[in-house]
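One structure coming up, written as structure tokens, with questions to follow.
Residue numbering begins at 1 within each chain, and the chains themselves are lettered A, B, C, D, E and F in the order written.
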Amino acid sequence: MARRFVNELSEQETLDEVFRAADKQLRANRQGGKYILMKLADRTGTLTGMYWNVDERIFDSFERGDFVRCQGRIQLYNGNLQAILTDIAKVDVSQVDIADFDRFDASAADALEVKLRSILAGLTNVHLRRLGETFLADDDFLARLKIAPAAVSNHHAYPGGLLQHTVDLMEMAQAISPKYPQVDFELVVMGAFLHDLGKIEELSSAGESTYTDRGQLIGHIVIGVQMLAEKLQVLEVSVGEPVPDNLRWQLEHLILSHHGKLDYGSPKVPMSLEAIALHHLDNMDAKLTAVTSVIEADVSGDSNWTNYNSAMGRKFWKS
Amino acid sequence: MARRFVNELSEQETLDEVFRAADKQLRANRQGGKYILMKLADRTGTLTGMYWNVDERIFDSFERGDFVRCQGRIQLYNGNLQAILTDIAKVDVSQVDIADFDRFDASAADALEVKLRSILAGLTNVHLRRLGETFLADDDFLARLKIAPAAVSNHHAYPGGLLQHTVDLMEMAQAISPKYPQVDFELVVMGAFLHDLGKIEELSSAGESTYTDRGQLIGHIVIGVQMLAEKLQVLEVSVGEPVPDNLRWQLEHLILSHHGKLDYGSPKVPMSLEAIALHHLDNMDAKLTAVTSVIEADVSGDSNWTNYNSAMGRKFWKS
Amino acid sequence: MARRFVNELSEQETLDEVFRAADKQLRANRQGGKYILMKLADRTGTLTGMYWNVDERIFDSFERGDFVRCQGRIQLYNGNLQAILTDIAKVDVSQVDIADFDRFDASAADALEVKLRSILAGLTNVHLRRLGETFLADDDFLARLKIAPAAVSNHHAYPGGLLQHTVDLMEMAQAISPKYPQVDFELVVMGAFLHDLGKIEELSSAGESTYTDRGQLIGHIVIGVQMLAEKLQVLEVSVGEPVPDNLRWQLEHLILSHHGKLDYGSPKVPMSLEAIALHHLDNMDAKLTAVTSVIEADVSGDSNWTNYNSAMGRKFWKS
Amino acid sequence: MARRFVNELSEQETLDEVFRAADKQLRANRQGGKYILMKLADRTGTLTGMYWNVDERIFDSFERGDFVRCQGRIQLYNGNLQAILTDIAKVDVSQVDIADFDRFDASAADALEVKLRSILAGLTNVHLRRLGETFLADDDFLARLKIAPAAVSNHHAYPGGLLQHTVDLMEMAQAISPKYPQVDFELVVMGAFLHDLGKIEELSSAGESTYTDRGQLIGHIVIGVQMLAEKLQVLEVSVGEPVPDNLRWQLEHLILSHHGKLDYGSPKVPMSLEAIALHHLDNMDAKLTAVTSVIEADVSGDSNWTNYNSAMGRKFWKS
Amino acid sequence: MARRFVNELSEQETLDEVFRAADKQLRANRQGGKYILMKLADRTGTLTGMYWNVDERIFDSFERGDFVRCQGRIQLYNGNLQAILTDIAKVDVSQVDIADFDRFDASAADALEVKLRSILAGLTNVHLRRLGETFLADDDFLARLKIAPAAVSNHHAYPGGLLQHTVDLMEMAQAISPKYPQVDFELVVMGAFLHDLGKIEELSSAGESTYTDRGQLIGHIVIGVQMLAEKLQVLEVSVGEPVPDNLRWQLEHLILSHHGKLDYGSPKVPMSLEAIALHHLDNMDAKLTAVTSVIEADVSGDSNWTNYNSAMGRKFWKS
Amino acid sequence: MARRFVNELSEQETLDEVFRAADKQLRANRQGGKYILMKLADRTGTLTGMYWNVDERIFDSFERGDFVRCQGRIQLYNGNLQAILTDIAKVDVSQVDIADFDRFDASAADALEVKLRSILAGLTNVHLRRLGETFLADDDFLARLKIAPAAVSNHHAYPGGLLQHTVDLMEMAQAISPKYPQVDFELVVMGAFLHDLGKIEELSSAGESTYTDRGQLIGHIVIGVQMLAEKLQVLEVSVGEPVPDNLRWQLEHLILSHHGKLDYGSPKVPMSLEAIALHHLDNMDAKLTAVTSVIEADVSGDSNWTNYNSAMGRKFWKS
């Protein structure tokens, strides 16, 4: 029987399918009864699962990351689908098609890597081109970049989302470049490549993405500057001279200022045309992608409007 | 002898050239002496002129809009060039080459009109295409659009600036459209066409641009909705049926929300993907163009930084 | 037996009464059980009703707007009364006294219409008086005005509330006019009449009031300007000439600026004495009426203080 | 020859008139020359006077508060009239008609006192009526109230302005009271009487009004509460019992919260209906009076608009 | 058997212990069932107790403040421990060791009183020293000060917390005084003593602390100024002369401005060096103490981070 | 004759003294005349100098940093003293006592270095102590630290100000440490040492301090993290192992969050007790020092109040 994927489930349907247990917590309700609150995942998304009136034996019968067969029913709760479980059982990895559970789309990531390599190789500024090569020569970096999410929630919050967002910005910078001959778009393109790299360290990509200690204390903006410093050091050793100070400071400024306002966590506001362009492209892509997610996930009965979205303080028009 | 244009003048040079008197005011200094504060214009820009210790006879010897021969010297004051006049005399229009004084670049405007017609004619949505035709069929509208500035100061504050900004946004919407298949970019393109049309009525384009009474009291955002209403009425009479309500409301929403925040004078925040895209494109173009103007006009001695710009709360990197 | 109205119910009393089902939703709780969340209404107010452990047959046995006999008990939940239902049955409209369910007080609305006609007829400015006549001559407009609420919640959120608020402001403008001879209070009175008319289109008045698509996308402020435009067009046809531009812009400005700040959705801040007066009267009436509602609805045990009101960020003194 | 009063002067006219020297300062310009910057006052207003290239002997020839004959010319500077002096000479008080220089209108103040006594005597709440009597029985208090300004600048910034503003609010509270039967308007009226009394101590009324040390450190809001405390103590001694605690706290709350927001210096936001009513009436009167002053003082050439007012962030419509 | 104190309880343990019922409320859940929500207190802290499915007879069997034997179990709910009760019975005061239930630590308060007396007695400014003596001579004041909490929640929210916070600030002012010879630290010390005294009247200290009517309407800042006024009057009678005006205003200013910003309820911002020092010391102590409480109370499973604290908008690092 | 130092000059005195030309600019006034605007400095402070009606020959006769004999007069302008020059002549360095011109107090700096070494050497945490040693072993770093200012204006804006501010915070952290046993004050002390080190690179200390390109683009907060990285690398090489990750992140967090709010340029808010303590100590010291400077520099005639300080939005009490 064909697998029912998370994004195919609908209200009231009976559930009997294998998912990855992306997260699990044992909780007590106010009356003192225990229940499991968990995340059921496959490659198409995640779903909250509730298993009421459990004992600890059930909770201990599987681990975070295991594959589990879930039986129960799909319900609507506060406008979101969730699974009410009546049985759960661990399934050996040998019995599943791993491709069904991998939210990370390897071929998409490979295609994005090709684009990334092509854009960076096409830079005419030798310092920027060499810097790109230095990053690309680091296999571990590249492997982590390809599976990293761009956020815990909101826009691009899935494995591979960071590379998607990164390449999109780089291409968009190229697309609008004819309109602004006064702007050095090679800098903008390199800034787009660098701006969110710190998220590789800020977010844990094991299962559900969460903030690392370093991510909480330092943040991806400053981590990004630190990652750039490492690669600049490698490059200096490799070619025998550092990149010019001014160029280095421009790149650091692009990373530091890309949130656009101090209020949003940038320690510097954008002060160059390139930094202004990068900030606006990033902001537009983040907003359009986030609102698209809200619209896609919306299950309000209204055909024209989503439910009120408190993070953005409004409803959105769907049709 | 070749004309010295406003954008060719430099500090300390002797001045003897004809300009258009774009503005003139008679003022008294604290000691009670009188001086003329005026704007000298040609097609390349405007320059403040100061004529000290004048009497009213001199002030009355020419009118706003007249061509005047100005003698004196160029000085730097607070980082901006200005002319210190020692003589001024009216010159008959027959003695000047009118092309030297027209900041409006007619051939550029014609080229933009061609682009505009082409984009609007290429719309596949019949309602939007007909609406475009209705605007384009109004010769008076088109003539005013072509010479309108987009602002009193800041970005695109010159005759023709509105059309430039409008077509730029329409083209940029087309350029990024492949990235966001979920967005109806025909709506964004039409929104880009409509979003600032109210500025035709908000700003007076006689000489220096200023706000009209209607502009002050109503604002270009609501005037734009009123101008759309007029054309929709014409269109309804012409084709015998109104555009669908939903489409009309979408267009009105695009105009009303394009400033992005209530704080910035939009009575509605963007609630559709199209309105969000339009707002961000408009904002990016406005910011990049405004900062480019600041950098171009900057005369600080520093080779890397402009003077502090209080409107945007920062210095800008020039190199 | 005398009817128990919504505003007469008290905690712990047994319920057996007919109400109008103003709203109904079928929901699932976390354990997967279904319940109906509904609004029970009569002319004195509305009450939340909860019917636990229902099946869909019960939910489908009546429609929104039907009259239903409700049995159960009254409970206090989070400081508000609600009905816990144990049985519900549809009742034919022939069996109810429709006057018991109509929150709209027709005689009050008629009395307000008399006041409205009298004030508008008493205007000495011929343009304003004719404009008033044009509105009053539109029977459909008047009928909708009389039953319109002024809000979805907060102040004047009941059928007829808009007319109440409108006439109150017009009378208050007249009452304070002797204090400010420098202000043209005929403009303020007409502004008070016009300022919220857009709510007729912004809010749906079928059953519970909600926002219409047009209301969400355009808002009552700009809709009000559009409604004024329609009547000005009728008036121009009728008398053969338009009202003077300045007067039209003043009226539009009164509508556009009445929220007082950009932040509150006005695209223009008040710039005339009349607009300032209108904004402050509107604000005072809205605040006093809203707080009065909070105090009236409060069921905290404290005799001096209401519960904390998060919308206004404070408790209110009751005694 | 008839006296030329400050409010009759116009640009370019020759000046030869006696004024009171309300303020005088000796200043040096950037070139090291000295000049006197002074305020020339009569009962119709004040005018800035500039006396260029003076020596200290001239500066010392008269004192602040003296009457001086001023010769020179009237100029427009930055949109305001000012006097450019060429001679100044002290004039003995015996040679002037003191009534010409007294901005305080004694008969207006007497009329306001009559209104004040009548309103307070008409209160039906015995505690409030007795409290009013206690204030009115204090001759020194009453004398100071009658000549006090309500502000250093902005609204009611003239001797007697405080009493005018106070009585206006009390009467306006009475005028709107029929609209809000749920509000105790006797409390609002007493609150209107008390709310700004602290300004008597906050502002010095000798010549130009300035802040006192106590005014700067404590502020009129808390000083008002202290003044109320003194009178409540007198009243308690007089009638043998204090006013009820609740009433006292209500009155204190009315004073403390009348600015409406913490941001505006109120340590408490309005939490009673009476406090909300008082705040809104006070705010409306302050705004309308302040804008009226801006419009009256405006000398822009534009017939429709005042100059930009930076305190209120806008221009105002004059016609 | 040794008593299990509130701060010794852990998840899942069986409960059978006597507590003081610090608060009790009868509530109905959505299904109409009743439960008791109460606070169980001993000297080490308070714990929420839930008693499900009760009838009113149980609720009426004890009063707020009574000692009750509680049986049930300890659960974790939303990261906090709470007791799920299965039985509750009143216990006579004769059967408990009152010392187990008194959160007030009398010996700590006595020690703080000694420190307080010593610091105040050591002041060299005679006016300040006498003022301190006047407060200390008021036995009723001192008794109330010693048991007062400094807040309803957040920092120092326990009986005796006010004196602890007060003496801490006084000592810290002394500790940093060598660094700032330009600051009059005797004023800062007296300001530290006075700044929060109004909390004695603002908060009720019977059982759970709540706001009094006077506290809500006036606030501890202005009440503090009123309490100072009473003691200054006593002092004036006692020594035959008032303290100098300037000193009184300084002290009042220290109290009024100690929140640092109008936004935070101070009607005046700090304008003297002493007021600035006091505000910063108070703010630092409040923040460090509040965050320490958050960290101590945290039961998140994470060893490094607390749960997100919405009041302060962040998580805190624990290790 | 004894030298007249900058801080000894008074209004109207005749000037004939040698200063260092800390800054010089050639400017044109509105009438086209040229003048020199310069800064005259000695070790006690700086003074603005104006030399009117100069030609370029005079301007070119000395360089920034030269010693010049200045003749003229001292004037008061806008409440500040300035020198009106009538003659200026370069003086050879051999003819001046260099000690008179050095604002840097070498012996004070040496004393501070001793304190700094002592505190760092006293740390018990071996990682922190070694890190301190690594910084102190860098002679170039130490030399630059000792002469660095802590700001361009406001607090500690003089050579040596950075070290003063740094050591003051370290000592204050030690002074309050007994009050908060839950805080690791060794971390706070090291954070105090590190928090502003980036200012060494952010500000140019040649003559008048200004922002460097790196300072403008990156800012002292992130530069500080980069400087820490360099020393941690040196330390790792030296001892053969890195400091533990957690400790490194704590130190970086202390630097990054010390401004306390995103708004103030910190990319992270303080999330540890140590970061909160450091922020508050830094803020208190900055505010007290800045206000002390305002009071010391104030020349208002008022004996109790400074002039209005627009940066801090208030006047300050002087006595």
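FYI, a residue touches a chain if its C-beta (ideal position, glycine included) is under 8 Å from a C-beta of that chain, and two chains touch if they have at least 3 such contacts.
What you are looking at is a predicted structure, and each value in this text was computed from that prediction instead of being measured.
In summary, the chains found to touch both chain A and chain E are C, F. Look at where the CA atoms of chain D average out and do the same for chain E: the two points lie 43 Å apart. Mean C-alpha position of chain A lies 61 Å from that of chain D.
Multi-chain contact residues, meaning those touching two or more other chains, occur in chain D at positions 213, 216-217, 246, 250, 253, 271, 315, 317. Pairwise, the chains that make contact are A-B, A-C, A-E, A-F, B-C, B-D, B-F, C-D, C-E, D-E, D-F, E-F. By the touch criterion stated above, chain F contacts chain D in their complex at residues 50, 52, 73, 75-77, 84, 304-305, 315, 317.
The part of chain D that touches chain E in the complex is made up of residues 213-214, 216-219, 221-222, 225-226, 229, 245-246, 249-250, 252-253, 256, 262-268, 271. Of all the residues in chain E, the ones that touch chain F in their complex are 168, 171-172, 175-176, 179-180, 182-183, 246, 250, 253, 269, 271-273, 276-277, 280-281, 283-285, 287-288, 291-292, 295, 313-317, 319. Listed in rising order, the residues of chain E touching chain C in the complex are 27-32, 213, 216-217.
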